[in-house]
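Listed below are the structures to be examined.
Shared chain: chain A. Partners: chain B in the first complex, chain C in the second.
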Partner chain A sequence: MTAAPARLAAVSARPQVGARGSALILLAPALGLCTIFIFIPAVLAIAGSFFTFGITSRVWEPAGLSNYARAFADPVFWIALRNNLIIVLGSIVLQVGFGTILAAILDRGLPRYATVFRTVIFAPMVVSAVAVALIWQVILDPNVGALNAIIKAVGLTPPTLGWLGDPAISIWVILMIACWQYTGFMMVLILAGLQGIPKELYEAASLDGARGLTAFRHITLPSIRNVLIVAVLITTIGGFKVFDLIYATTQGGPANATQVLGTYIYLQAFNLGNMGYANAISVILLGIAVVLGWVQLRVSRRA
Partner chain B sequence: MHRSLTRGGAVAALGVALTLGAALPAVAQEEVTLRMWGLVNPNYPEFIEQAAEAFKATHPNVTIQFEETPNEAFKTAIQVALVGSDPPDVFFNWAGEDSARLVRDGLVLDLTDLAMAEGQFGTTLSDAWLSTLTVDGRIYGAPTDAVTKYFYYNTRFFDEHGLTPPTSFGGLLQLCRDIRAIDPEIVPLPLGNSERWKLNHYITILNERVMGNDALRADYALTASDDQLFTDPGYVTAWGKVLELQQAGCFQDAPNATSPEVSRTMFSSEVSPMIFCGSWCMSIFDGEGFTDYALFRFPPVEDGASDGNSNMVVPQGLQVSAKTAHPEEAVAWLTHLTSPEMAKLFAQLRGALPSDPSLLGELTEATPQFLWTANDMASLATQYNVIDVELEASVANAYLDSGVEILNGTMTPEQAMESIRAAALAAKAAQN
Partner chain C sequence: MPAFTRARVILYGFVSLWSLLVLLPLLWMVLASFKSRRELFMDPLGLPGEWSGEAFGRAWGVGMGQFLVNSLLATAASVVVIIAVSGMAAYVLARSDAGWTRAIYLLIVAGFAVPVQAVLVPLYQMISGAGMLNNLAAIVLPYAAYGIPFTTVLFFAFFLDFPRELEEAARLDGCSRIRTFFSVILPLSGPAIASAAIFQAVFIWNEFVLALLMLTSPGNKTLPVGIIQLRGEFTADWPAVMAGLSIAVLPILLIFVLAQKYFVRSLAGLGK
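Take a look at the complex of A and B:
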C-alpha cells in the first residue's frame, strides 16, 4: 500500500529534476555572459575604486576611501549629479507627460492619419544619439544655425553666448533635445497601454456622464498605471545613464555646465588618467541604479 | 638503377631548392602584417597607401594595415588598445607628456638599438628632431612632422581694404577694430572653441609672448617651488590679452558654442577675413578650393619678454607598441616613412613640414603658402609645445576650462590663475 505513493512521488519528481536541469542549461549562456560583462567588471570597478591608478598604469597604489571622499568634496561631481537629476525629473515631466498626451490624442482624438503622426513622432527614436547631437549642433549653431536665424527673423534676440555655450541654459537645451528624441518612444509605450483598455469601460462611464478629461482621469490613467510606472522607471534609469548625447553635443561643457556622471567618469578615466577616482564615481552611480532598481521592484509588486 | 636515379634526383632537387632558396629569400620569409593607427587627416591614407606600396620593394613580405581615428576618440582608443592584448604595432602620438606617460607605463618599445643601426631613422634624422620622442636618452619613436599655428588672412579682402598684417599685438587689436569699422557684421577672427583646445593655442603663445619661454619651463614641468608655482603675474596678463582680443571685437559672440569646423568654414567661405589656424589647415583650405590667403605669425606683445621670433611647434611622430611581435619590421617601416623621398611625398600630399626636409626644394607642386611656412618654421629661434600636450593632464584641463570661463565672462584672469595654480599644486603633490 505504501509503495504506490512512493512510486508516484518518484515519477513526479523526475520531471522536476529534468526541468531544473534544462532551466540551468538554458540559463547558463546568459549567466555566463552576465558574469563576464557585468558581474566581473562591477567587482573590478568596486575593487579599483580603492586604488589610485591610470588606465595605462602598471602600479595600483592603495587609496582606501580617499576616492570616495574626493568625490563628495568635488564640486564638479555635485554639478554632474545635479544635472543627472535635472535630466531625470525633466524627462519624466516632458517625455512621459507629453508622451501620455500624444498617446491619448492618437488613441482617441485623431480619427485619420494616426499612423503617419505616430511614425513621425517616433522617428527621432531610431536615430542614434550621436547623429541627433550633430543635427542639433547645426540647428543651434550661433553663426549658421537655423534657430538663431528664425529668432532674429521674428525680431527676438538669441542668447549671446549660444544655446550650447551659455552655462545657464545649456543643460536645459540638452534636456529639450533628449525630450525631442525620446518622447515618441514614451508615446508608443503608453499608446500600447491605452489600446489595451476595454472600450466598454468608456461606454459605461459615458452612460454615467463621464467624458473627456473626467474619463481620462478616472478610467485612462488608472488603467495604464503600470505602463506609466514602467515609463517613469525607464526614463529615470535612462536619465542616470545618459552619456552619448551629451558627449557628442557639448562633451560636458561649457566648463562642466552640462557634465553628468557618465561624462565625468569618462573625463576622469580617459582624459585625466584618474581611473581609481572614475571607478569610485561609477560605484556611486551603481549604488544609485541599485536603489532605483529596488524601488522599481517594490513599486511594480505593489502595483 | 632505379635507386641510383632516385638518389640522384633527390640530390638534384636539393641543389635546385638550395639555389632557389638563395636566390629568392622572400620565399622563406614570414608574411608580416603591421597594424598602424593614426589620426584622420586629409590625404593621409593616400600617403600611407603609396608609402606602403614603395615599402614592398624592400620588404615584400610586409603588409601595412592602416586604421584612422578622429582626434579626440584616438586619445582614448590608443590607451585602451595599448593595455589590451591586441594593440597596433605602430601608432601616432604627439611628442610631450602624452608620449612620455606611455613610456613611463612601459607600453612603448625602446627603439634605441634598432633605430641606431646603420641606415635606420636614428642615424638619418637630426638630433633635434630625434630628441622630441626621446626619454632619458632612449629613442621611443620616429618623429615624422611638426605642426604649428599661424594667422591666415584673406589677401583679396586685405588688398581691397588696404589692410596689412600687424607687427605687434596692439596692431592685431587695431586690425580687428578696422575690420569691424568696414562692416560691424564681419567677424574678423572667428574662434571655434566648443572643444576647448582652440583657445589653448592662443594662451600657449600669449604666455610665451608675455613672459618668454624660459620663464615658463619650471611651472610647466611642475618643478617650481610651491610658493612660486604659476604665480608670475604674466599669466594673468596673458589671459588679459585674450579679453583684449574679445573686447576689440576680434571674435564672434559665442566662441564656446562654435565648433572648430564652423570657424574654419567662416574663413574658407570668405565670411571672415582672418583665422588663427594650424599649419594643417592649409590642406583643408586648398582642398575646399580657397587659395587666396597668406599667413603671418602671432605678433609680439608690447613690453613682453619675447621678441616674437618663436612659435608653438608640436612635433608628432610614430611609436611602436611594447607588445609588437615585429619590432625589426616596425622600425624599418618608420625608417621608410621618414626617408627623404617619403618626407617629400608627405609634404606634397599633406602640406605639412616633415622631419626630413632635405628634398623639400624639389617639390614641384608646393603652394606658396606651404613654402612660406616651411621657411618660417626653419627660421624660428625658439619653439615650444602646446599647453595641453606639455602640461600634466589635470593642469591642462584647468587651463582648458578656464579659457571657456574667461570667454564666457564667468571667471576673471585672476580667478583663472587661482584655479590653475590649485590644480598644479595638487598635481605636484600627487607626483611626489
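Take a look at the complex of A and C:
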C-alpha cells in the first residue's frame, strides 16, 4: 500500500477538473450515444410521421395526419396489431404459465438433476431467434420436415398448405415457436423469485396441513406476485417488439396473415418506400412501448 | 433419497417431456446436417446412413467464418463500449444528489422504453446519410446506445452499495474523480461487469433487424443476417442450411452450458 499513494500524489500534481466538470466528462459519452441513436431518431420518427417521403428523397412533403388516417383505414395495420396481441396474450398464458409451473417443479419438486433440467430448458434463449426460426422452418417443411413425417407415421394428415403456409394457422404456429424459445427464460426469471421465499413459510404451512398444490396457491403465488407482474410485462413488451422470428419464417405472409407491427413497418419503409407511413406505424408502436415501459418502471420500483 | 411417489413421477415426467421438446429440434438440426439432400428428402426422421461432412463444407464456403468473425468483433466492441460508458455515467449518478443528475438519470432510463423497431426509418437515414452503411460501426454504436439504459440502471444499483471508504482514500491521495473511477471503482466491479457483459453479449450476438438494415455486403454480415443469406443461396439444400445453423448455434450453446450459472444469474436479473 506504500507505492500507491505516491503514484496517486504524482497524478494530483496535474491541473484538476472541477467536480461538476468531471461529472460532465463521465456522463457525456452515455448521454451522447443515447441522444444520437435513441432520442433524436425517436423525435425524427414522430416528426417524419407527418410527412410523405421515400428512402432516398431529400424532400419531405407535408402530409398532416394523413399517415395516421391511412393506418386506421388499412386492414393490414389491424391484422398486424391483432397478431401482436395474439403473440402477447398467447405468450403470457403459455410462457408465463408453463414458466411458473416448470419453475415451481424445479424449485421444490425435484430432489435431483434440477440444474440439468434448468440448463436444457433455458438453452433456446441464448440461440438467435433467426436460427430458431430457420430450424423450425425446416422441421415444419411439408417435404423434408420431421413434423409431417411423424404425423404421417402415426396415420394423421398434416395441413395441406403447410404449417407456415396456411393463413388460418400460421400465426399460431409462430406463437408455438416463440414459446419453445422463451418459456425457459420465464422459468428462470420466476425461479429466481421462488428461491427468495423463506423455507420456513413452507414448513409452517406444512404443519398446518398445506402441502403440494395448496401450498403453491397460498404461499408460492402470493410471494412471487411482483416477479410475475414483471414477467408479464417483459413478455408483453417482447410480444409487441417481435420481428426476427416472423421475418425469418414467413416475412409476414402468406397474404399478410402473420404481419406484425415490426414487420409491417419494415415492409412499408424498406420494401415499398413509404417512409412517412412507416413512421406513423412506428409512432403507434413507440406509444405502446412507452406506456408499457412506464408501467414496468413503476412496478419494479415497488418490488 | 425420498420415496419415489406418484406425484414425483408426474413432476419428473413433465420436465423431462419439456426438455425433450427442447432437445429434439436441436438434435434434428445436427443430424440433418450430416445427411445428403436425397436422404433428408426420402427419410427425414432416420439417422444419416453415411455420416458426411460435405454440407459443412458447402455452408462454410458461403462465408460462415467471416460472419463468425464479424459477430465476434461487433459483440466485443459493443460490450466494451457499453460497460465503460454506462459505468462512468452510473458512477456519477450514484454519487450525486443534485437535481440535474436526477433528471439525467431519468432521461437515460427513458431510453429503455424506445424499441429499435420504432426508429428504423430515421436510424437508417442517419446512418446512410453519414456514409456508414456496411461498416461495423453502423451497428456497434446503436447497439452500444441501446445497451446503455439497462446497464446504467444495473451499475447504479451496484455503486449505491459500493463501500465509499476506498474512494475517499483515493480522493485524499489527490485522485481525480475520473481517475478514481478507472483505477479504484472499475477494477473492483467484477461481478456487476460480468453480469452486464453476459446479458448484453447474448442480445447483441443475436441482434437481427439493425444488422439486416445496415450490413448488406456479404463480407460485413453478422451471423443472424449471414444465415439468412445462407438460406437464400441454397434453395432446397437443407443439409447445408442445417450445417450452417449448427456452426452458428453449437458454439454459443457450448459456452452457455459451460457457464450456465453466470448466464442464468445475469439474465434472471431482468426480473429485479
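What we mean here is this: the second predicted complex is superposed on the first by the 267 of 303 C-alpha atoms of A that agree within 3 Å, B and C clash if a C-alpha of one lies under 4 Å from a C-alpha of the other, contacts with A are read in each partner's own complex, and residues count from 1 in each chain.
To be clear about the criterion, a contact is a pair of C-beta atoms (placed from the backbone, for glycine too) under 8 Å apart; a residue touches a chain by one contact, two chains touch by 3 or more.
Being a predicted model, the structure only gives us computed values, none of them experimental.
In the superposed model, A:Gly165 makes contact with chain B only, not with chain C.
In the superposition on chain A, A:Val144 contacts both chain B and chain C.
Shared-chain residue A:Asp74: touches no atom of chain B or chain C. Applying the stated contact rule after C-alpha superposition, one finds that A:Gly54 touches chain B and leaves chain C untouched.
Once the two structures are overlaid, the count of chain A residues touched is higher for C than for its counterpart among chain B and chain C. By the touch criterion defined above, A:Phe270 lies against chain B and chain C together after alignment on the C-alpha atoms of chain A. Within the superposed three-chain model, A:Pro254 lies in touch with chain B and out of touch with chain C [touch as defined at top]. In the superposed model, A:Phe37 lies in contact with chain C only, and not with chain B. By the document's definition of touching, of the two partners only chain C reaches A:Val130; chain B does not.
Shared interface residues of chain A, touching chain B in one complex and chain C in the other, are 55, 141, 143-144, 266, 270. Chain A makes touch with chain B in their complex at residues 54-58, 137, 140-144, 159-167, 250-251, 253-256, 266-267, 270-274.
Against chain C, in their complex, chain A makes its touches with residues 4-5, 8-9, 11-13, 16-17, 19, 22-23, 25-27, 29-31, 33-34, 36-42, 44-45, 48, 55, 98, 101-102, 105-106, 109-111, 115, 117-131, 134-136, 138-139, 141, 143-146, 148-150, 153, 180, 183-185, 188-193, 212, 227, 230-231, 234, 237, 240-241, 243-244, 247-248, 261-262, 265-266, 269-270, 275, 278-279, 282-283, 285-286, 289-290, 292-294, 297, 300, 303. The touching residues of chain B, counted against chain A in their complex, run 72, 75-76, 79-80, 82-83, 101-102, 105-107, 187, 190, 194-196, 252-259, 262, 266, 393-394, 397, 401, 404-405, 408, 410-411.
Contact residues on chain C toward chain A in their complex (touch as defined above): 1-2, 7-8, 11-12, 14-16, 18-19, 21-23, 25-26, 28-29, 32, 40-41, 44-45, 81, 84-86, 88-89, 91-93, 96, 101, 104, 107-115, 117-126, 141-142, 144-146, 148-149, 152, 170, 173-179, 181, 202, 205-206, 208-209, 212-213, 223-225, 227-228, 231, 238, 241-242, 245, 248-249, 252-253, 256-257, 260, 263-264, 267-268, 270-272.
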